[in-house]
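These are the structures in question, set out in turn.
Presented sequentially are two complexes of subunit A, the first with subunit B as partner and the second with subunit C.
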Partner chain A sequence: MKPTLRERLGVLLAFCNKGRNPYWLTGGLIILGFVLVYLSPRSIPAFLLFVGGSSLAYFLEMKKPARLAFAVLVAIVLVPILGARNIFYLEVIFQIAVFSALALGLNIVVGFSGLLNFGYMAFYAVGAYLWGFFGSQQPFLLHEIPGTAPPGTPFFLAPDWFYLFIFLGIIVAAIVGLILGLPVLRVRGDYLAVITLAFGEIVRQLLNNLDKPLNLTNGPQGISPIQKPTLTPEVVAFFNQIFEPLVGRPVTANQFYNILFYLIAVAVVIFVIIITFRLDDSRIGRAWTAIREDELAASAMGIPANKLKLGAFAVGASFAGAMGVLFAASRTFISPESFTFLASVNVLTMVILGGIGSIPGVIVGAVVVTILNLQVLQSISLWLAQLRQSDAFIPIINFHWKDLSNQLDPSKYQRLVFGIILVLMMIYRPAGILPAGRRQRELEHVDSVIDDEVDSSIAPGAASSSGAVSKGKEDDHV
Partner chain B sequence: MSESTHVLQATGVVKRFGGLTAVNKVDFSMEKGRIFSIIGPNGAGKTTFFNTISGLYKPEEGRILFEGRAIQGLPPEKITLRHIARTFQNIRLFGGMTVLENILVGAYTRLSQTAIDTVLRTRRFKEEEARAEKRAEELMAYVGLRNVGNELASSLPYGGQRRVEIARALASEPTLLLLDEPTAGMNPAESEDAMHLFRRIRDELGITILLIEHDMKVVMSISERISVMDHGEKIAEGSPREIASNPSVIEAYLGRGATGGIGAGSAAHVDKLAKEDAS
Partner chain C sequence: MRKILASEALREILLPLGRMALFVVGAGALFSAIMFALAFLAQGSGADKLLLETHKMGILEYTLGQLPQVLIDGMTLGFVYAAIALGYTMVYGVLEFINFAHSEIFAIGAFVGVEFLIFMDRLGVLAAAGPLGSYMYLVLALAVAMIASGSVAVLMERTAYRPLRNSPRLVPLISAIGVSFALQDVIRMVESLTTGQFYRVIPTFGNFDERVALFSIPTGGAPIAVNIQVKSIVVIVAAVLMLVALNYIVNATKIGKAIRSVAQDRTTAALMGIGVNGIISFTFLIGGALGGAAGVLYALKFTRIDPFVGFMPGMKAFTAAVLGGIGNLTGALLGGICLGMLESFAGAYLGTFTMGRFGSEYKDIFAFLILIIVIIFKPSGLLGEQVSQKA
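On to the complex of A and B.
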């Protein structure tokens, strides 16, 4: 019989994991990808090769220090170099980092605890407007007409308060998460989805309308300019000293800001990943999963379900809060436009696509969706635009590319593409790209005190009485 | 009848659902270290009474004392903290979690790790997790589960799932264990093993057991005392022998006018038991 695709992949994976192969493969692909991106900065395949090679450091079997070394090499050295040469990549990876943190936060609520949340962007908005307000001139413009600022208005805080505000963003967003959580605890399932959806819209409408009577948010026009943390020329000079030969030209302070924000985003993501992993594998994480599986049974086991749900909301919100502060500073401009319902759905898409409840899966989801959004679809648009300008035509049906409608631009039907991807995923791989598995533990074998003949009836797969297992909880009258 | 020997006392417990009175003025008390059964026809209010004890329902009237302290109306998680654990009629395991994790969830109230311990992975956290894991493995062995710690709970056959549920309940270190139809759906050999396990839990771990059961053979052979419920009311209480020959019990089970029935069948069984006891 011909080997199935799964078997072929298994053989391939076994080969990749043999001996020193993982190290050679990972290192080789990273360097190959790096060189290709370095030489042709606009090539998407080259960039995908680089990202793919880097992800092998996670997926192949190798020693922990080697993994870390690869991660540090990619994150601290290679990406900044590529980014300094072509800012666009830095933007892509910055967004991947931001959305990874958001998706991980949402995953705690939706994935671990099973509480559907359609208004997650509200917490991101809380973080963004926190720094947006205090990090701009807005506190001095409370009595001005929205959109006007008297010349010479000072900034409210010094730029370096930004770093403190990342932590404040965590705290404030967590508190807002608790406030939302309180009424939400009374409802479940669909109702919860509706309430969170409404919450997201309420926050956005508040931001839109809180320019009167006191101009807190500057309304739909948004707040601008928002300060970035200060950057001393020495740091830029130091970077140039080391990396200028590789980048090919000196990096300006403005360009270096992108690298700085990228590094902060990576630091926050690492922090978020560690916390998420640790929470998942603890009494708290088990309780979250238990609540998701069967809330009533969980509370009968002594789990204070309401307290833990509130905790999930707060932790999930806090990640978004921190990233919101970073977002406001990196863009220097924020408006309610960025925090729409669709933005929340976008993060939810990452979670579902990557693998609901699975930490690596959610990150993969963020990577895939962001690259699709920023790179693949845009470059198809670009390619179509080029075709449109050329004289090329399809011979038999005599179709001239220049007659191609603008409506066919992929960036115009981004949502359609996502819709199709999600539908296909739900049909063929409902648990996501990298589904969540349960942690396997090393178990010592404590010898059973009960006779062997009893054991045989409860070994997995023994069909003795499995037919009688009660199906589902629908008919359950506790 | 001193307070201390009566681990659980209920007086005048009433639970209504709209116009239906599911539990009507039930008085009930059980002694420490006993195996006590509640029986009754379908819809008699047994499970409702159970849920009232374990905190899933709040009774409209009445008091429930556990070890002398009122527990009626407390939420289920507080009841578990008082060392009462339960299993469910239709097994309610966390199917997507492994067997070991299910048992660790059961130990939730007995772990003291805080969120800070968890995030910082303090020594206290690591030691406590290791202890809890070891205890969970011991419990698995105790209830007769072997090599299934890493299996998903939902992948186990029926009898195995029942055992996991009992191990999960034991993990919360109860002094009173409530079992809701623990042998439902089991074949006779499995019921026999289950009864053996319940006796061991009582004898070796000193846990008082209150069970609801339909299987008369199980009830008659394992219980030291039996309460009979019908239409939300307690209609009889006594030793298995007394219950088997109680006319109102027979009537509840077989309808008015019936004679013999379970009385006849079970009386023979009880006679046999009495002989065993005597020997």
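On to the complex of A and C.
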């Protein structure tokens, strides 16, 4: 009998995990990827090899200190070097870090507690506009026409308040999450999804329109410039002292900002990952799972469902708030356009692609979607553009590439890609690439039929009071 | 099954007409009364003085003078929303699931109809058509759009929703979001690959842009002329006809009975020999066709469409469906008219009453606020039965 693909992969995995193999493989691939990227900074396969090698540190079996050592090596040493050579990679990895934090935050709401949230970008916007407002000249421009600033307007706060505002962003976004959560507690399921979508749109419209009567947000033009934290020349000089031979040239202050933001983002992400893991293993995490699986039963067991749901909203929002502050400072410009429904669905796609409720899955989802977005689609666009310049043609149908419309630009068709990913994942693998360990009733209908029958037969009173359980059962039988 | 009597059929036609008239008059009267009260209270305020300076009339007079035009606009918009909302509400009634991609069905209808008219325009027949001919082409465009939208809706159900029918509720919802996003880009791709631009403008033809002057209101300042665009009349008449037809199909035909029975209890309906899958496809077909026709009417009214044109009307129509009680056809009608009126009132008066501090751009926020308030405090809507929320 021919071995199936799954069995072959199993053999491969067993070989990779044998003896000292994991260490050699991970280290080797990381070094190989690093050298390849170092030598040809524009090559995407090399970059993917580097990212893949780094991720092996998580997926293969090895001792914890070794894992940490690999992670530190990659995050603190190798990536800044590569990034200093080619800023674009730093941008990609910075975005991966930002979106990982966002996806992890959304994962707490959607994955852990089963509350679908389509307006997640609103919290990101809260964080971004918090620093965008206080970290720019905007507080002095309240009575000016949007887009005009009298010359010599000072900045409201000193740039180094930025670090404090990361924490303020966490707090303020969490409060907004609570405010949003309070009325929403009565609602579940798809109505909740629609309500959060409406909240997200309201926030965006407010940002768009609050340039009068008081010019708070500068309207659709957005706020600019926003300050970055200060960077003393000594720090840059120190970095250059150590890394200049490796990078091959001295790094300017502007380029060092990218490295700085990358490091802050990585710090925040590590913080977020630790919190998420701890939450998942905690009483609160189990209570969230219980609410997700069956709110009625969870309340009956004495779990304060409302408080915990609010908590999920607040925690999820706070991650986005912190990243929003970082986003505002790193871009120095923010406008409502960054916080659309599309952006919310973008993050949702990461969560769903990676695996709802699964922490490594969500990070993988963020990595895949960001690379798809920034690199793969872009490079297909570039490739098509090159083909258009050339004389090549497809032989059989006699199609000349230069006749291809220049409107066909894959990097502009994110919606199509995300949409297809969402539909295909829902049909073929609703639990994601790396499914969460705990069984999810939200996604496994086979078990839910049995559960519902049990529910309604054990607790007829409960079933009739909610009406949902009994009706759901009928639907499932068809 | 006994035959439907002629008198019953007549009743099914007259009853919805009566309801529509009632809803329009009722919602109009209610909003007018509220506006009148607000204007009465606002007498002597800053807004009042400003109006006296600029328009030479008090706020009460101004409000009353604007009222007929606002009501007409609100009614036009309301019927468009109602036609879209019916698509949401029918699918929800049968499958208990929010078809998020319905807004793109609407957009596809708009694009197919407009492309048809552009094609006809290029052939030159549109300019040559007389007044009667132009209406014929509009009807043709509506028909083409309805066929296209209906087929896309059926196809969508077959590929993206049917495999997920027994899944938990969030799964098809996410799939619907995916379909919605994918369709937006498919429209954009098709449109931009054919001409290099992704928006379309409906060709001007016939007498749709003319205005019929109804009457003028003498005021202290310049008299306010009240008129109605021919295309508004066309939109209202077409929407009313379609709504009556739909009501007839659902309430007075055999297949309508089958739809209602599937909505009530799918299992029992199947046991009674109803082909549930066929009925669900048919529901998507007529819901989609109605949405497509609404798209053409929308394009006729607002002239310019782009691939993302469906999102806002879609959200508002969904709000209308929820406001009226989702799953309830009459409710969708009522919700649509209320929302159209509200939007028209907010657009017309918000800027005046707040002296330009909050302009008409806040009218979208109103729709979303209503959606949130209704879902939180009365999820069954104005006319719906008590529906429980499922996870």
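Couple of notes before you dig in:
Definition applied: the second predicted complex is superposed on the first by the 436 of 478 C-alpha atoms of A that agree within 3 Å, B and C clash if a C-alpha of one lies under 4 Å from a C-alpha of the other, contacts with A are read in each partner's own complex, and residues count from 1 in each chain.
FYI, a contact is a pair of C-beta atoms (placed from the backbone, for glycine too) under 8 Å apart; a residue touches a chain by one contact, two chains touch by 3 or more.
This structure is a prediction, so every number in the text was calculated from the model and none was measured.
Applying the stated contact rule after C-alpha superposition, one finds that A:A290 touches subunit B and leaves subunit C untouched. By the touch criterion defined above, A:R388 reaches neither subunit B nor subunit C. Once the two complexes are overlaid on the shared chain, A:L279 sits against subunit B while remaining clear of subunit C. Of the two partner chains placed around the shared chain by superposition, neither subunit B nor subunit C is touched by A:R67. In the superposition on chain A, contact is made by A:S299 with subunit B only, not with subunit C. Subunit A residues in contact with subunit B (one complex) as well as with subunit C (other complex) are 441, 443, 445, 448-449, 466-468, 475-478.
Across the complex, subunit C meets subunit A through its residues 96-98, 160, 163-175, 177-186, 188-189, 192-193, 196, 198, 265-267, 270, 276, 311, 315, 318, 322, 356-359, 361-362, 364-365, 368-369, 371-372, 375-376, 379, 387-391.
Against subunit A, in their complex, subunit B makes its touches with residues 47, 51, 54-56, 75-77, 80-81, 86, 88-98, 100-101, 104-106, 108-109, 111, 113, 115, 118-119, 121, 125, 129, 133-134, 137-138, 140-152, 155-161, 163, 168, 172, 185-187, 189-190, 193, 197. Per the touch definition, subunit A reaches subunit C in the complex via residues 114, 116, 118, 183-184, 186-191, 193-195, 197-199, 201-202, 205-206, 208-209, 212-213, 295, 341-342, 345, 348, 352, 405, 407-408, 413-416, 418-423, 426-427, 430, 441-443, 445, 448-449, 466-468, 471-472, 474-478. Subunit A contributes residues 275, 278-279, 282-284, 286-287, 289-290, 292-294, 296-305, 311, 438-441, 443-450, 454-455, 457-470, 473, 475-478 to its touches with subunit B in the complex.
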